[in-house]
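Each structure below appears as structure tokens.
Two complexes follow with chain A in common, the first pairing it with chain B and the second with chain C.
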Partner chain A sequence: MSIKAGDQEAARGNSQLQVVVAGGAAIAKKSKREWQEFGLACLYMSPAILFLVAFTYIPFLRSVWLSLFVTTPQGATARFNGISYYSRIFNLDGSGRSEYLKSILTSLYFALLVVPLGIVFALGLAQLATLKVRAIGFFRTVFTSSIAISVASASVIWALIYSPTTRTTQWIIDLLHLNAASLLQHSGTALLAVAFVTTWTALGFNFIVTLAGIQAIPQELYESARLDGASGWKAFRYLTLPLLTPTLLFLIVINTIQSFQAFTQFNVLIGNEGPDGSTNVFVYSIFTAFWKDNRYGFASAMSVVLFLILLLLTFVQYRVLDRRVHYQ
Partner chain B sequence: MKQLNMSRQISVFLLFSLLTIMLGACGSSVATNSTGPTVAANPSAADNAPTTSTGAMSAAATSAAATSAAVTSAPATSMAATSAPATSVAAASAGPTSKPAPTLTPVPLIAQPAGSTKITFWYGLTGANGNIIRTLVNKYNSSQSKYYVEAIQQPDYDATITKFNTSLAGGDLPNVVQVYDIGTQRMIDTKRILPVQNFIDQEKLTLVNDLEPAVARYYTIGGKLYSMPFNSSAPVMYYDRNAFKEVGLDPEKKIWTYDELLDAAKKLTKKDASGKIIRSGIDFTLYSWIFEQELATQSALFADPTNGRESRATKVVFNNDAGAKWLAFLKQTVDQGIGRNIGRDSGTTNGAVRDANFVKGDAAITFNSIAALRGYINGAKTSGKVDVGVAYLPRPAGAKGGVIIGGASLWITDQGTAAQQAGAWDFVKWTSSAEVQASWSSNTGYYPIRKAAYDVQVMKDTLAKYPQFGVAVEQLRATEATFPTQGAVFGTFLQTRLAIEAAMEQFMTGKVADAKAALNDAASKSNDALDEYNSTQK
Partner chain C sequence: MSTSNAPTLHELDAPQPGVGAVLRNGLLYVVLGFVALLVVLPLLFALSLALQGPTLSPSLLPDFGKLDWSSFGQVFREEPNLSRWIVNSFVVSVVVTLGQLVTSALAAYALALMKFRGKIVFFFFFLGTLMIPWESTIIPNYLTITRLGWKDSYQGLIVPFLAGGFGIFLLRQYFLTLPYDLYEAAVLDGCGHGRFLWSILLPLSRPALGTLAVYTFLNSWNQYYWPLLVVDSPEWRTTQIGITAFRSSEITVYNLQMAATIIVMLPTLILLVLGQRQLVRGLTAGALKG
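So, the complex of A and B:
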């Protein structure tokens, strides 16, 4: 059964200590053959490393560099600007304008809508898909199908569903007494509508991962649990859920990152800041700064900020959630 | 212990895969932003793709979202325009900012004959209009053998000028490029432009005298015609003549003041028992282009000094009474329940909704470019309810200004050999001929830029078929030549438009109670950007 968190911490501490000690010894004693192996490993990794350096790290460093400059419309640096773009984003420049902070909050709100909803849906469906019934494969395929649809295509489908001309969602508008032609045109519902599309689109992936996680749990555990009188909800609550936590942690982190980077659905469904700026997520602000305003330095600064936000979020999620994760 | 090992392995695996994905994904968003210009400079697939509306969207998606999504986003975006039922109605409409049009099979270009000089031509129109450009280019290429024009479609106007700017460093510029009206200052600032005035003066042509005066004025800065107007449009008020007759309004009246129009809209509005609007008097989008026009009808400047016509504009001044009056008028229609705000025009479907409402007879009046006329007439034919009428843009009582032209023009660059530059001019001169302009106008719905084009038979036929078009020409010619009606030129027009539409929305939704305050905010944002832009120019 699952190891108690405290024990696990202690055990991990020990094993880390061992690794460190072992590692130190290894370096001291590293023979010629090991060095050769190390060199060979580097050789094997070099294509990947070169690729990452050329297409990720160098551009990233260049973004950091560009973010400190005002650029010409051609993208060349015009003059040094210090960190004033950063202080502008965080409203520290005394201008009193907080639209970029608001944009970051919109992103955060969007993630808070999408991530829990997506995982709860996926968990529910995955649990259902473990039922031993006839033609369960069919259902699994159906639940997974949205993985085959790109975000852009899904957005087009949903653009039609939300379109006032098809009147598919008119009943919701009438129900809520909205003063807008479609859900996407009301500042109160636009972000929710996009979040729903995003959840739907991500469902296939989340479902597959969750299902795989559930299926990886050994059946013996359930059998012995049954002997102890735990089945149904209890088995799910005390067995499936705890053993699924590594998978769920993975999904939470991935989904958070993805929802912070969501752009396509906003571009296809909304195409601007949205009603009252309500769907102006941070990535969309970056897009506007880069493609509409052609302020490359500013857009770079925003990209760096986005990177730092995601780094911080992921770190926090690991720190906080990892304590609650149970490894088998 | 074995279990522990496994858990370590799993966690390490997850950690690593996460790290890779995160770094990769963040990196790509950051990476594309910094490398964006250079990427765009390369002749990527999207740039040469003959299909419509790719590029900007896909490039945008790459810059922000995961790369995999971007690959598929491009075709889907064009699908969005095709499949949204509303869009099809006025898809042919080409306002000042062209929207993705339905995907058509592009007209194939004829091959380059041996011994000819190749001229590269970038154009930003898509769909049906893009195909008409390709037909024209074929016509030019087969009319002579000295030069060969290679027409390369760009995703849209925005992407064209962005690509042009980013190509400056690489030096891979076209010889001729079609750029929208609001890109004028930016094109001049590239310093790679040969003003067409130079060529005209060299050949001592009297061509400028025959250009439509309002059109020539727009592309003249500091007394010099910089680019050759190609496709020009202007805004008009569209109305349903049937509805006007039905409620006893004069369907022939061309000039409406705000107050008269409010009264008319009141009469035109129909509501059901529950008070819901069945037919609204006026449907409108929050459209910066129309806002700019309303400033011009009231002879108010958009930017200082002199709309940037005599020297570089240093600040925008659209936060004036004229702007506030137009916003107040729009707000009144909504508050009185006789008009509907369809949302920002830059939204993906808002313009289409406005168009659909009008041609279905769900709205009696709307404002749009004259280039939308054909789309409206065809749409009205389909619905069978609406008789499309065209009037001047409304104005407050006593306003004496006029309208500003929109659309795009052709720019000649200093790229290539002297022979190529001469060829570029030869092609541009050819596109401005009365025959070509008459055929272009008859096939698209833009104004001919040449007065002589109206003497060509095909244009006469078109005017007879679409008498509404004549009203737009009349409005243009009735416009007095002043700085306000000449239109503003400055380097950051696009973002100013976005700021204005945001301000309009803030006011319409009541978030900002005062129209002036909303516009002030937009102006201060715009001025920040303009200051920054101007500071990078020497």
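So, the complex of A and C:
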């Protein structure tokens, strides 16, 4: 009996041991599996990581690094320069030359032209596209069409529209008594002319987003508003517009960011800093320093400043998007 | 435009029979047609110039009696590189699109469905790339490509764009919407990660993959700044650089220039008609990355 009991005890002890051993093995197995999973995950992510490190992170850090140096025309660092390029950009170096600040302001001014124009056109088109008539789908596609048109091809076409040879915009020049052959050559109209082209290329996108916003407004609201005697302009002003505010805020931020990044249309339509420097937006003056003057260090400092500006706008964007979520 | 009268037109929602309704409908079509015409006016202008023959003083409207379509063929002979530019753009856009699909799907899979330590670190690594604008990396990238001797080559035009944070998050987001049971069932059946991703997840994710593909192709086709930097010789130009360089060359005749512009716009316009839904979804999502 005692033997039996001892056997049982031994057996119990044995099984406990087995459990412990099995448990230890399970832990070892589990951690091995975890490591396997980790390795596999790294393997799966490695192509993306490789390309993003090589062409986004390292170049970005190198931009910051280069911005602190005077560089050779081959792009090598020549002499440590501290932050003097930055103080040059913001006119803090006491030189009194503020052309880079002016360039940032030109970008801002450009955004102030593009954004309201874009919103107004998009609102108009989206209102039209909510009409319930046959073949409205066709008109929606037409209104969206500029999504598929590149800024480069749009600029090539508009360069001819503005060109004195086609005389298409001559009537505006006559109307305003401009002393220039084309709208692109007058310091008072050049930036506006580029802004108009930009608005046209962005039209499709702004339209489709606005339309989606309007379609998200419950139809019952319009019906009850009509019962209350609000229709037409009143319904638009007091119902559509307030409910569309989140969408419009979103469009304002997106369009502002894209305006600050605009380059193609300036290079194709103007190709230099514009009449009296009136179209020398910040991205274009970076291009001049980088590409035309080969001042890689200075251009890098400018591109870091651009990064900071866009970062600020992106933060605003996320704040706006947060609000957008709360509204809906 | 017509923000003020549109809501009034709103009231016509339900089509009513009668002469008044027909008249009003007719009026609506006039308004819609007129606005549509305004929107595509620059395109019609381009077409009009392309059809006017080699005149140096084109008018706004072509002579409809003798439309000269020959410019669309002639431009390929006058600018022998045009077909090469189109091939270049196609090769670059297709390879970049395929590359983005592969790198994004793999990384998105790991982020969405695999459990591993330090995932949050990788998550923020990818998220961070969305904060860095392309313009702030362009100078070192240009110096790198130059040092590698990759100017005037497909590598130079393609390799920097083979991965992107946008694609990774777009696919990750989509993968997360699919039921997790699917994965557990597959694992019970002895299905490994690779096979699950390839034969179950990707076929189910066709909408998201389509969105990413159309968006990437369009962006790649329309790229201007980067090819402008890394292309020196005419035969390595992409379509966007080609048509803008065409403009500044001396042999420019308006009809040929507009014909070339219309030709290189066709692929993306066709893409819009065929894949409008994907395109719109992609652009709307893509804009969020700022």
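As a working rule, the second predicted complex is superposed on the first by the 256 of 328 C-alpha atoms of A that agree within 3 Å, B and C clash if a C-alpha of one lies under 4 Å from a C-alpha of the other, contacts with A are read in each partner's own complex, and residues count from 1 in each chain.
Keep this in mind: a contact is a pair of C-beta atoms (placed from the backbone, for glycine too) under 8 Å apart; a residue touches a chain by one contact, two chains touch by 3 or more.
Predicted, not measured: the structure shown is a model, and the values here were computed from it.
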Original post:
Which of the two partners, first being chain B and second being chain C, lies in contact with A:A181: first, second, both, or neither?
Top reply: first
**OP:** Name the contact category of A:L192: first (chain B only), second (chain C only), both, or neither.
**Re:** neither
**OP:** Check the residue A:I217 against both partner chains and state whether it touches chain B (first), chain C (second), both, or neither.
**Re:** neither
Original post:
Is A:V133 touching the first partner chain B, the second partner chain C, both, or neither of them?
Top reply: second
**OP:** Classify the contacts of A:P59 with the two partner chains as first (chain B alone), second (chain C alone), both, or neither.
**Re:** both
Subject >> Which superposed partner A:E34 touches (first chain B, second chain C, both, neither) >> reply: second
Original post:
Should A:P47 be classified as contacting the first partner (chain B), the second (chain C), both, or neither?
Top reply: second
Original post:
Is A:Q261 contacted by the first partner chain B, the second partner chain C, both or neither?
Top reply: both
Original post:
For A:I172, is the partner it touches chain B (first), chain C (second), both, or none of the two (neither)?
Top reply: neither
Original post:
chain A residues touched by both chain B and chain C?
Top reply: 52, 55-57, 59-60, 62-63, 66, 75, 150-153, 155-156, 159-160, 165-166, 253-254, 257, 261, 263-264, 267-268, 283, 286, 290-291, 296, 299-300, 303-304, 306-307, 310-311, 314
**OP:** Enumerate the contact residues on chain A facing chain B in the complex.
**Re:** 3, 8, 11-12, 15, 52, 55-57, 59-60, 62-63, 66, 70-76, 78-79, 97, 150-153, 155-156, 159-160, 163-166, 180-182, 184-185, 187, 246, 249-250, 253-254, 257-258, 261-264, 267-273, 275-277, 283-284, 286-288, 290-296, 299-300, 303-304, 306-307, 310-311, 314, 325, 327-328
Subject >> Residues of chain C touching chain A in the complex >> reply: 1-4, 6-15, 25, 28-29, 31-32, 35-36, 39-40, 42-43, 45-46, 49, 56-58, 60, 102-104, 106-107, 109-111, 114-119, 122, 125-126, 128-129, 131-133, 135-144, 146, 159-165, 168, 193, 218, 221-222, 224-225, 228-229, 240-241, 243-244, 246-247, 254, 257-258, 261, 264-265, 268-269, 271-273, 276, 279-280, 283-284, 287-288, 290
Original post:
For chain A, which residues are in contact with chain C within the complex?
Top reply: 34, 37-38, 40-42, 44-45, 47-52, 55-60, 62-63, 66, 75, 120-121, 123-125, 127-128, 130-133, 136, 139, 141-161, 165-166, 168, 200, 203, 205, 208-209, 212, 222, 226, 231-233, 235-236, 240, 253-254, 257, 261, 263-264, 267-268, 283, 286, 290-291, 296, 299-300, 303-304, 306-307, 310-311, 313-314, 317, 321
Original post:
Once bound in the complex, which stretches of chain B touch chain A?
Top reply: 3-4, 6-8, 10-11, 14, 17-18, 21-37, 56-57, 59-61, 63-66, 68-77, 79-80, 83-86, 158, 162, 165-166, 168-169, 186, 189-190, 340, 342-344, 346-350, 353, 356, 491-492, 494-495, 498, 501-502, 505-506, 509, 511, 525, 529, 532-533, 535-537
